[in-house]
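The following blocks contain the structures, represented as structure tokens.
In the two complexes below, subunit A is the common chain; its partner is subunit B in one and subunit C in the other.
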Partner chain A sequence: MTTTGARPGHAKINPMRRLRRWLGDNAVVRTLGPFVPLLLFWWLLAESNAFPDAFFVGPDTVLGEFGDLIRKGILPGYLSDSITRLLYGVGFGLLIGLPLGFLVASSFWARRLTWPLLLFFQAIADIAWLPIVIVWFGFSLTAVTFVIVYTIVFPLILAVVAGVEQVPTELVRAARSLGAGRFRVFVEVIVPGALPSVASGIRTGLGYGWRALIAAEIIVGTSGVGFMMFDARRVGDVSEVFLGMIVLGVLWYAVDALVLAPFERVTVERWGMVRQVEAGR
Partner chain B sequence: MTLAHARTDAGARRRTSSGARRGPRSRLVSAFWFTLPFVLLLAVWAVAVEVTGTPMRIFPQVTDVAAALREMTVSGDLARHLGASLRRVAVGAAIAVVTALPFGIALGASPKLAAFFAPLLRFSVALAGIAWIPIATLWLGYTDSAVIFIVWNAMFFALAYNAMLGVQRIPIELLRAARSMGTGRVRMFWEVLLPGALPSVVTGLRIGLGYGWRGLVAAEIIASSAGLGYALFLAQKSFDTDVVIAAMAIIGVLWLLMDRLILAPLERRTVERWGMKTVAT
Partner chain C sequence: MTALEIRDLTKNYVDAYTGDEVTAIGDVSFTVDEGEFVSILGPSGCGKTTVLNIIAGFVEQTAGTVTVGGDEVTGPGPDRGVVFQSHALFPWKTVLGNAAFGLRMKGVPAKEREARAREYLSLVGLAGFERKYPHELSGGMQQRLGVARVLVNEPAVMLMDEPFASIDAQTRRKLQEDLTRVFELRRPTVFFVTHDIDEAVFLSDRVIVLSHRPSVVREIVTVDLPRPRDWRTTTELPAFRRLANRITALLGEEEADDARTAA
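Let's turn to the complex of A and B:
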């Protein structure tokens, strides 16, 4: 009786508070919530006609453009082109970068003879390779893939070497003295120990590769989201440029938040190099 | 990236410290080991081009590139392009530091602001730089300011995000101690928040400059009439591959110099002065 009597009073305060707490705790709301005022602000800015339509359009126009391009099949086509290129690039990048990284890391002489070169080639911005790559391969998929592979390979090698160096020597010695062969030490001590660094290397490499892809598509210009944006800019279609930027942002955010960040977190937690990761940050 | 850089930086530190300890002789030795791989690379390059008889349009001989470099220096083209690129990076970076640091530190100091802006910032980091080139050229035309905008844009978000993280990592006792001794807002900013965030800020600066440098090259290829990226693209159009390779080498050397002369000392100084010594050792 008393409880039921007390309920209505609670019910008056609680739902709001509970709603607020739920909103505050909910990961989706916390991540996506801030975008709502941003969208509103954008819409208001566009509605106020502070900028001419040729330079700035509102979210409604961009949404219309989005529906239009989806219906015509242009956006899905370009998007799949971009993603295919990125996947090719990442695949080959991993295939080349990981073995090379472990090779360089495992031998003193390999490191001594290649480390300065690695630093130098990492320093030549990937995009600077585009012109020469166009000379070699023409305006083709190979040219774009080459640039992405290049972008990913060098940060990856550097990260692998850094990761292997972080493996405490005691662990290697302990494993050896327990009778593990070189191969077993490599597979069961060095590779897992280097994984956290490798994971963050993959993440950075992909971040650069993603940008390189956009630049390559703008410059090589046959298809893809980057091409779509630059083509739209050429004819002065702002809404399509805006749309391209949003698509790129959403796509990368999704890849980063749903694939790369969890992968990095899992490896770090699993192989527990938290101490070093903290120091590295 | 941070890990990879931590390694390269540690390598650099080890080298310099051992050089300081054991005098000029060992510094010479390490300089020798740094340059040897490049000499070997040049030799392999020269022999490979000679043996395979690759035409100059595909891959120039070492001597051709050296001649191109000399010619560019004599004609003053090199100085012009170099000056244009460096000025843009300097201006863009300066604006980015001035705008991003106060913003990021304010975010870090206020949990509510941080919760709101963090997802937006992460989204923007994903999009920063090259993806803005079409819209920047639309708003600002094919001008210097469009390129500077790209450099600023590429750096701003990474810098602000890392400044925020840096402030959030300041031990709460320090903040409380400063506050309980009656520190005002201005002093708080200059003497606690800014120095405390510096190690993370330098990391952000390094990541941001990496994006900015790539953005610069891409923007110059697409939208300008001077600068290294433009020189690169102009040479590619006329199939002057010797000039292309020369410009690429210059871009690489410049980044290495920036890294060694500006970023690494800055990083060393901030990490040593305010850094996580207890964690690192």
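Let's turn to the complex of A and C:
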């Protein structure tokens, strides 16, 4: 093959199209781009003075507040408190929910006996447990952890059961006819086969857990992002409330982009078990 | 030597809708010799796949026995590897990982099982695809992997359940020819379920023709066409057409019988 001379087809791409492609491929643009008009709209709304400052503040004020709280060390402290609680809750939630889910899924009778209980307890909102949890554990980390674990465990169990049920019978049969015993079938076929559903269960569980944490901090609170927001409301500092909301969104986005999405990319997406969510790839 | 012996197999089941007891398999007996390629043909819904599922140990028979290498079969086992119509490959394993699965279950050391898996992959024409995942292969290639995954285990009998039914006609010809080539090279024992008469005649040493349900063995047709076979020459032999026509007639009578019963 001769490759002398200019490569045709490359030189002629129209610059607008090249710009569009660059914008589409650039990770920063793709991630932050959609927020630009939102920020602009927010800023314009604040500048127009349609609402008094006590109700509504602009992005510049919130940014100032952000710098202030970082300097004072309040935000980092609260943030690490919230994240520690979430980690505890998620850790225990996974530790309890995953084995329990597989246990329930693995046996027809276990499923029969526990299903009504699962649906019943899932129906009691996480926050509804707070009054009794506070009576039992006081305003403590244990109380908050309990609520998060509770929130995560049930969607996780249901997702694991659904995942196990989705594993095609033929895959189990194939493994059996290749010499796998029941335990190997579980490890080699059931667990990876259930993974797409389990992964989305973990995603849902984490989302619920995150919300439950903030709610618990608002009620139980002695520290944390939820506490910060509610405390700010009490003293009438709207910018701090805004800041708290933004921190929650950014943090969730980060967990999703840095932990959940990469995990799914190297497992279920790599295996062709789900359609890739992101378009244009 | 007899590799597989089926004696007086019957299967009844309860219809989920009507609640009636239905006899799917009336009374089926046959044997498959070592190194023999035997197909089973029959009108649709006659329970050919049920026969295979019973041999594989996936489904329990109502009565009768299945013996493989002299031992009676009770559940699934690596002596009876199955090639499925749906391929049933493990999506989370690479091509090599799928092919080596059986050896891993047997506890064969990593180095040896990889070498043997590679050997069988190149036998079926998948050399160079070891690191791919199943979803990156075409349907035809997936089924090649399905065959390699079973053969590498060196089963007493390879059970194939309409393996090429969901593959386009052109690829199917190629797969049939390649399966014949591998069979003639390695002489595994094969039990093959199909509804395609030409396919059965082309591939097999003998063809079992089942009747309509409750199915019994209507006739066992010996295919004495010379090997090695290839699609062009073999299908043009007068003997090939004669055999195919005879089986068509046997199945045709079945349908005529049905019409009579229905009338």
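The criterion applied here is as follows: the second predicted complex is superposed on the first by the 245 of 281 C-alpha atoms of A that agree within 3 Å, B and C clash if a C-alpha of one lies under 4 Å from a C-alpha of the other, contacts with A are read in each partner's own complex, and residues count from 1 in each chain.
Everything below uses one rule, namely that a contact is a pair of C-beta atoms (placed from the backbone, for glycine too) under 8 Å apart; a residue touches a chain by one contact, two chains touch by 3 or more.
Just so you know, these numbers come straight off a predicted model, no measurement behind them.
Touch criterion met: A:179 reaches subunit C, while subunit B stays clear of it. Shared-chain residue A:149: touches no atom of subunit B or subunit C.
When the two complexes are overlaid on their common chain A, residue A:192 makes contact with subunit C while staying clear of subunit B. Set against each other, subunit B and subunit C differ in how many residues of subunit A they touch, and the higher count belongs to B.
By the document's definition of touching, neither partner reaches A:100: not subunit B, not subunit C. Residues of subunit B touching subunit A in their complex: 1-4, 6-8, 11, 33-38, 40-41, 57-58, 115-117, 119-120, 122-124, 126-127, 129-135, 137-139, 165, 200, 203, 210-211, 213-215, 217-218, 221-222, 228-229, 232-233, 235-236, 239, 241, 244-245, 247-249, 251-253, 255-256, 259, 276, 279-280. Touching subunit C in their complex are the following residues of subunit A: 168, 170-171, 173-181, 184, 188-189, 192-193, 195, 267, 270-273. Taken together, the subunit C residues at the contact with subunit A in this complex read 56-58, 75-78, 80-82, 84, 86, 88-92, 101-102, 105-106, 133-136, 149-150, 153, 159. On the side of subunit A, the complex with subunit B involves touching residues 30-35, 38, 55, 112-117, 119-121, 123-132, 134-136, 155, 158-159, 161-163, 165-166, 197, 200-201, 204, 207-208, 210-212, 214-215, 218-219, 226, 229-230, 232-233, 236, 238, 241-242, 244-245, 248-249, 252-253, 256-257, 275, 277-281.
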